[in-house]
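Shared between the two complexes below is subunit A, which pairs with subunit B and subunit C, respectively.
Up next is the complex of A and B:
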């Protein structure tokens, strides 16, 4: 229903470069990228807030330039929410239906449902300046959906909220998407948020879309080193294919000085092909001392160089035997505490064949 | 702790000098006018008519010209175009040129031998020596106050709110009337009051365009030049008091109506 085709666009010193994107009806599509990657500019271009080149963005097959912004049936929740300060919450929420003179019973019912679902009925007569951050987010969300739009665009709508509120609103967004079969396009810099909410994720960097995929696919198979790094994968190494069987490759990693086995993918490779592999940080496991065996496959022996705590896991840096490169692991807190790891300790690591992928 | 005290004392002293300079002549004039003179002058029909004419013409001029001046201000605040700075400069020109010169310019524009004058005459309107001419002269010198205030008001409305309104389905007119205008209203109202006040106090431009019907500033001048200070002073005091009253009423009204609300 919405297609962005070979879209390049320059604003001051920044440009969007050859963007191709299809937004499927009913999908929850998240564009994720660092600050300044061009996400907001792309969103504003799609919505119609920017003058864009012809034949680049199509809405139901029609060049978007021929559809006035107010007729696009797209609602937008900007980063600062843009709640009208002189109107009450109720007037804000019903603004879309009033200006469009669309007082249909269905839309009225939907608005009422949304008000109850988001628990803002008690705020209806308040002015925006008397609302908290989370309440404002809810009002902006309801206003956008209540306008009767077919696609809802959101620009970092949960930015700046505390964790509890963020989780609540994420749940709310998911339920709204499911209940009303909304098409949602959201941009965020928060990868966790993208994984929590999205069905489809587009990774954006420096004005380019690097990869668009179902979130499971993106997790399994980042298409480039840049995407892999953006996804937080630190373990990227050069390797060589030494053996090919029906469903596995036997590879040798130069940096890790290790022979590893990995699942074959769809692409064609030949023996001795040089490849770049990625190993997901959270899928490398430390073997318990009583289970350590060197005769298993995909076992890497190494020394714990360093570790530090993050919120739910420990980051552990391990130098494999006869190697000068780090392997970075993310070990859940409970496992880390149970393993009782100390620095300079000799440990054994194991990883599944599926945890290694070719970039 | 001594420094701030010295600072405050110095600033209060300097500010006091200015306040004294501003209010002393006015207060002096009011106290120098005997109450009897004040009441007898206030009863004069000529004076009453003149004050009503001044207030009414200035009020109507402000309202009529605002219909076009407010959209112009919006364009100046929102659109980028070649020559914008020049236009902004030209708009403020009446503030800096002598008002007698402004009167001559207006007279040259509306006198009977000009196109405007001829069009007016064919419609039965005589601009020179009429309320219309007074209104035009008042507008010429006072419009910059409204336009500048309204431009500032529209500039203070975040464009993102207008974009949000568009996105919710409002067209340009609805966005202007439901978002831009209400949010810029305080500045616009301030501009309207300033324009009205500036218009009713105008002398230089009006006296050239229309000596008669006589607005109060012209009457004050006429009585001063013909009969002297004693005769002119009561009219001036009455006009100042009425102007002050009107101004206070407008200010109270503008403070109460912080934002106008137009239902989309």
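Up next is the complex of A and C:
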């Protein structure tokens, strides 16, 4: 329904480079990237807020440049929400149907349903300046959906909310998407948010889309070192394929000085091929002392160099035996406390064959 | 004296300067003359044509300033920078020169044709309106543009995406949200028009009971050494001017999107 094709666009010193993107009907598509990666510019170009080159963005097969903004059947929740301050909540919500003179029974019913679902009925007669942050987000969301658009675009709509409210609104967004089969395109810099909400994720950096994939696929198989790093994977090493069996590769990692086994993927590799591997931080486990056996596969012996606490987990830095490189682990708080690890301690690590991937 | 005191003293100096000037007028204040002047037919006529001309001129100015300011605020087009400079022309060119330019214009064939076939401007009430319009159009546009510059474009963009045509977005979002700024601009324009003298006197002359606005009346009374009567008119001008400035402040304070 919406296609971005070889789209390059320059604004001042920044440019979007050869963007290709397809938004599928009914999908929850999140474009994730650091601040300044070009997410908002891309969104504004798709919506029609920028003068873009011809034949680059297509809506239902038509060059978007020939479709006026108001006829694109899109809705938009900008970062600043832009709730009209001179209108009441009710007038804001019904703005889309009023200006389009579309007072159909279905849209009226949808608006009423949305008001109840988002629990804003008691706010209808208030002016926006009397709303809290969370209430404003709900109003902006309802206004966008109630306009009867086919695609809803959102630009970091949950920014600046506290955690509880954010989680609440994320749940609400998910249920609205499911209930009304909405097509949602959202941009965010928050990877957790992207994983929580999206079905499809596009990773954007420096004006380019690095990878678009189902979120599970993206997690399993980042397409480049840049994507892997963006996804928070710190363990990226060079390796060599030493043995190929039916469903596994036996590899040797130079930096880790370790022989590892990993699942084969669809791509063709030959013996002695040099590869780059990634190991997901949260899938490396520390073996309990009583379970340590060196004859298991994918066991790495090492010394705890350092660790520090994050919100729900500890980051542990381990230097494998005879290596100068770190392995970075993310160990859940409860596990870390149970293991009672100390610095400079000798430990054994293990990881599943599926936790290693070739980049 | 520390720096803070120097800064504050400068601000207080401005206040004192004007207070002393106004207070000094009381030296010639005469209660009987005050009553006589304020109730005289000539003064009431001056007040009425001043109010009428200033209102018509500022309505016309704002009427043109709104679309012009919107264009200057939102679009990039050829000549935009030149227009931006021209807006300040009435501020830097002497009003008398502007009035003289009008007189010269109406002395050429095109001006003559306009006067013969439409309205007579020279030495008439419409001359006052035209002089005030010419001197306030720039400032009105500049003030409305400032209000529109301040209004985030995002509201208009969201309105468009929600389904409003450009026209609808302008009338249902941009205009209502600039209302305070436009009203403030209107009152300031009105105050400027109300006190306009140089261009008015040049094109409309000094004809009692015909083109005698309050500033012209002050000038005529001073020319006749009637200081006491001119002070009464100065007070009327001050009272109206200060009231308008207070109203403008109150309006500007309530900008909805601030």
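Note that the second predicted complex is superposed on the first by the 359 of 359 C-alpha atoms of A that agree within 3 Å, B and C clash if a C-alpha of one lies under 4 Å from a C-alpha of the other, contacts with A are read in each partner's own complex, and residues count from 1 in each chain.
Throughout what follows, a contact is a pair of C-beta atoms (placed from the backbone, for glycine too) under 8 Å apart; a residue touches a chain by one contact, two chains touch by 3 or more.
Not measured: the values here are computed from a predicted model.
K.L.:
Could you classify subunit B and subunit C on subunit A, in the superposed arrangement, as clash or fit?
P.N.:
Subunit B and subunit C clash in the superposed model.
K.L.:
After lining up the shared chain so the two structures overlap, which partner does A:100 touch, if you call subunit B first and subunit C second: first, second, both or neither?
P.N.:
So A:100 meets both subunit B and subunit C here.
K.L.:
Mind working out whether A:131 is in touch with subunit B, subunit C, both or neither, as first, second, both or neither?
P.N.:
neither
K.L.:
Check whether A:82 is in contact with subunit B, with subunit C, with both or with neither, and answer first, second, both or neither.
P.N.:
A:82 contacts both subunit B and subunit C.
K.L.:
So, A:49: does it touch subunit B (first), subunit C (second), both, or neither?
P.N.:
A:49 contacts both subunit B and subunit C.
K.L.:
Classify the contacts of A:356 with the two partner chains as first (subunit B alone), second (subunit C alone), both, or neither.
P.N.:
Touch partners of A:356: none, neither subunit B nor subunit C.
K.L.:
Quick check on the output: what are the common subunit A residues between the subunit B footprint and the subunit C footprint?
P.N.:
Common interface on subunit A, subunit B vs subunit C: 47-49, 68-70, 74-76, 78, 80, 82, 84-86, 95-96, 99-100, 102, 143-144, 147.
K.L.:
Please name which positions on subunit C make contact with subunit A in the complex.
P.N.:
Result: residues 152, 154-155, 157-165, 168-169, 172-173, 176-177, 179, 256-257 of subunit C touch subunit A.
K.L.:
In the complex, go through subunit A and note every residue touching subunit B.
P.N.:
Contacts found on subunit A: 47-49, 68-71, 74-76, 78, 80, 82, 84-87, 95-96, 98-100, 102, 143-144, 147.
K.L.:
Show which residues of subunit B lie in contact with subunit A when the two form their complex.
P.N.:
158, 160-161, 163-171, 174, 178-179, 182-183, 259, 261, 263-264
K.L.:
What part of subunit A is in contact with subunit C in the complex they form?
P.N.:
47-49, 68-70, 72, 74-76, 78, 80, 82, 84-86, 95-97, 99-100, 102, 129, 143-144, 147
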